[in-house]
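Two complexes follow with subunit A in common, the first pairing it with subunit B and the second with subunit C.
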Partner chain A sequence: MLEVVGLSKAFGGLVAVGGVDLSVPQGALFGIIGPNGSGKTTLFNMLTGFLEPSSGEIRFEGLNVRGLSPEHIVRAGIARTFQVVRFHKESTVRETVWAAQSLHLGLGGLFRGIGSPSQKDLAGEVDRILEKTWLKPHADRLARELPFGLVRQLEIARALATRPKILLMDEPASGMNPSETHQLTEDLRRLREDGLTVVLIEHDIEMVMGLCDRIAVLNFGRKIAEGTADQVKNDPDVIAAYLGTKKKRAHA
Partner chain B sequence: MSYWFTIAALTGINVLLAYSVYASFMSGQVSIGQAAFFGVGAYVGASLTVLGGFDLISAVLVAGFAGAAASLFVGVPTLRLKGYHFTIATVAFAEAVRVILHNLKYGRPRSSGNVGDQWLGPDGATGFRHIAYLNENGITTGQYALIVWVIVVIVVIGFFLVERSRIARILRTIEEDEVVARAIGIPVARYKVAAFVCGGFIAGMSGALYAHLLTFISGGDFIIHLSTIALAYVVIGGGQTMWGPLLGAILFTVLPETLRPIKDFRIELFGLLIILVMLFRPTGMISAAAVRRWSTPWAPKAQRKRPTEAF
Partner chain C sequence: MPPDALLSPTPHMRGVDQMYFFALDLTQTTIDGLLFGSTYALVAIGFTLIWGLLRILNLAHGVTVMVGMFAGMLSASILGLPFYVGILIAMSSGAFIGFLIDRICYRPLRNAHELVPMIATLGFWILIEEVFIKIYSHFWFRDYVPFANPFDGIGIDIGEIRLRTDYLVTLAVAALLVVALYFLIYRTRLGLAMRMIAEDHDIGNLMGVPVGKVLTIAFLLSAAYGGAAGYLLGMTANLAGPYAGSQAVVKGLFSMILGGAGSIPGAIVGGLTLGVLELQSSFLFSFAYRDAIVMLALFIVLIVRPQGLAGKRMADRI
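Entry: the complex of A and B
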């Protein structure tokens, strides 16, 4: 579904990502791990159009999406979430999701009142998304009033409202407590069952190992391993580069 | 009575000016150059009725388009800039426009008039005099105030509809975080330019109405002071909802007039009020939270309490 060939990004002399190949099949839960500064977020930013790659190719469902702007890439069906979450301070949960539906509408639809009968389908979709992300009881609260775990859910809800085929998540579990992480794991499994392909960057290795059916490991901008959790766990390069040779785990 | 009609018309004109700032304010773009579009609208509108034989409404509309064209000219190159750069560009543009208006001379000689006052049309630093459309067509100040307020009501209804549509949600998303806006598929630059150009249109109309009310305009009317006051209407009234600019413009046009008896201190009082509002109510007088509270009085108490900054 998402094919990446020889993708590179250099900032001056610094090679942040050097020739990464990835192939994410339809319906996968794909994890990308790596130590700090290994190029994970740079890779994500290239996939979502926020950064222009220095070289390489990105194909999504056979279409070349390299060089498209972020707003076009979302329209093609690649949505993303951010590591640092920000919302409009005076918007409610529901209003935040409304904005993310705008790409489905023409100018006339955008100007129509959100409560108008012609937009009933979109309103129903918002309800379904909020239910899926546990936000239904909080729909009319201000986004900034939500507890942290639910803010993460709102980030997911907003991405889902763009009707993505593939969802790229940048450290969705960062700052979450274990029970929230567990909940997130369950949610992501359910999203996959609904037909969504998910790619996540994570620091929480245990979560990725338990959740993803395929994992790629980055180090210094290069992919040093790819495979199932067990294959990656036992890869000598990964153990040396990421998990450390003496220590059991690098700092997360 | 005519005096109060003049104040009423002036209030309406200032409300329009406030909304011209608010349009791009919604997307987080602060313009301190609305005087430029206001001035362009004033000169274009006045020229059309005085020299071109247009009727008032057509002249006001064309002036709106002139304001929109001017804002498009500034907006397209500068709205790609981030934050303060745009604001500074609007200031610079307004200053350039003021100097141009100050030096503009076109028109034709008047058939009558005193020595040294025989020119119809803008006459450089002397300004644009004898914008006599209202007088010539027998429109009283009261009738003119009504015309102004009909236009105000149309604009207010327009903003009311926009505020309930996804357009407002989109602009607010851009205001908060452009990266997020792009990530949900919003063409940010296009929206920012569109909002700014709408503001330019409203400012242009407002300027044309101003010119016909005052009958005499000059480049000196369209200084940065005017742009700042226009921004102050929005910031003090409240920039989070469409009701803030309305209240701000009405209050700060009417209040200084009613304070005329203490005329030596009224400007100082005005300044003090601005400081007090900024100090005790940084959201402006009407905040989004307040509007939410009024529009849903049945909302449970729990939602009404002041949110804590938990993260």
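Entry: the complex of A and C
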């Protein structure tokens, strides 16, 4: 579904991502792990049009999406969430989800009232999304009043409102306590059952190992391993990257 | 009592009558200032829309006022069209200029440093104004041409206070446009998209909001409001002049900063306050000192309330 071939990004002389190949099949729960600074977020930024790759190819459902603007990538069906949550603080939860539906409407739709009867189907979709992300009781609160865990849910809700085919999540569990993380795991499983393909970058290796059916490991911008949880866990390069050999530690 | 003392509006005279007439004039001037100030509020709203969405000071905004004023003058004085048609023509002509500003000054430069589009609007302003003055001086030989005011000389008298009809119409149009703007911003998806974009462009993109289209609409809207302000300014002054745009830039920015940059209530409060300040300083002191007194007032306001009269404090915004 999502094919990445030889994707690279260099900032001046620093190679943040060097020749990464990935293939995410339809319906997968795909994990990308790696130590700090291994290029995970840079990879995501390239996939979502926030950064122009230095070289390489990105294909989504057979279409070349490299070089498209973030807006067009969202329209193609790739949604994302951020590691450091970014949201509209002065809007309510419902408004945020409403706004994320804009792309289903033409220019004329912009001049429709919010919640006009002609948009009942969209209103129903908002309710379903809020239900799914546990935000229903908080629909009319301002986003900045939400507790942290729910802000993450708001990001997910916002992404879902764009009707994505694939959802890229940048460290969704960061800053969460174990029970919130557990809840998130359950939520992601349910999303996958609904037919969504999910790619997540994570620091929490336990979570990724328990959740994802395929895992890629990045280190210093390169993919050093890919496979199931068990394959990755026992890979000598992965162990070295995480625990560090003496030589590598001196290097770092 | 010498006869000229009766005519003088200055307060340092004895006698109840003089105080009464002075108070009356003061009230009359304040009311006129509030009514007339609504034109400044309209100009300031145009600045505020673009500033709020893009953090760009659209210096070319005065061009929309000038074009609106001359489109209005042509439709009122030359073609003899009624008021409501004239103002629609003025708004559409303004909007056309807004479209040009978007396509020339903003769109090609949106990825450049934030100062670049602002400088482009400065260039656009100077270029259009100079070209216009050349054309203007070809047809007219005075600095101003008459603007047929359909409400000239009529008004409503309430006791000794006179409400000029053209001022009332101006306020009514401004109020209608403000209400329409609030409806648009808080009740339509376009407004929702604008609010989202104002807070963060990236997230707007991320949500699939057509940011470019929404911004074009914002430019059209801002410029249409400038065009309406141009018509009303010309009508109430009974004159149209090629330098109206430059004056509008000064007055509009002044209102915006006086009221509180970046907020629509701030633009309204600033515009009305400016209207009162201008007329009062002409009345109490002299027309010659008007701009100096108004500047001094702005200076004092900004020392006491750096966020403007109706602005939020920086700390509240972050």
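In this section, the second predicted complex is superposed on the first by the 242 of 252 C-alpha atoms of A that agree within 3 Å, B and C clash if a C-alpha of one lies under 4 Å from a C-alpha of the other, contacts with A are read in each partner's own complex, and residues count from 1 in each chain.
Rule of thumb we're sticking to: a contact is a pair of C-beta atoms (placed from the backbone, for glycine too) under 8 Å apart; a residue touches a chain by one contact, two chains touch by 3 or more.
These numbers come from a predicted model, not from an experiment.
If you put the two complexes together on subunit A, you find that subunit B and subunit C bump into each other. Of the two partner chains placed by superposition, A:Ala240 touches none, neither subunit B nor subunit C. Once the two complexes are laid over each other on the shared chain, residue contacts for A:Phe87 go to subunit B and to subunit C alike.
By the document's definition of touching, both partners, subunit B and subunit C, reach A:Phe50. Shared-chain residue A:Phe148: touches subunit B; no touch with subunit C. One of subunit B and subunit C touches more residues of subunit A, and that partner is B.
Contacts of A:Leu105 after superposition: both subunit B and subunit C are touched. Shared-chain residue A:Ser69: touches subunit B and subunit C both.
Legend: residue contacts after superposition of the two complexes on their common chain; A:Asp140 is shown touching subunit B, with no touch to subunit C. Once both structures are placed on chain A, subunit A residues 48, 50, 69-71, 74-75, 79-80, 86-91, 95-96, 98-100, 102-103, 105, 109-114, 158, 161-162 are touched by subunit B and, in the other complex, by subunit C. The residues of subunit A lying in touch with subunit C in their complex are 48, 50, 69-71, 74-75, 79-80, 86-91, 95-96, 98-100, 102-103, 105, 107, 109-114, 158, 161-162.
Those residues of subunit A that touch subunit B in the shared complex are 48, 50, 69-71, 74-75, 79-80, 82, 86-91, 95-96, 98-103, 105, 109-115, 140-142, 144-145, 147-148, 151, 158-159, 161-162. Listing the residues of subunit B that touch subunit A in their complex gives 161-162, 164-167, 169-170, 172-173, 175-177, 179-188, 240, 287-289, 299, 303, 307-311. In the complex of the two chains, the subunit C residues touching subunit A come out as 187-190, 192-193, 195-196, 199-200, 202-203, 205-211, 213-214, 217.
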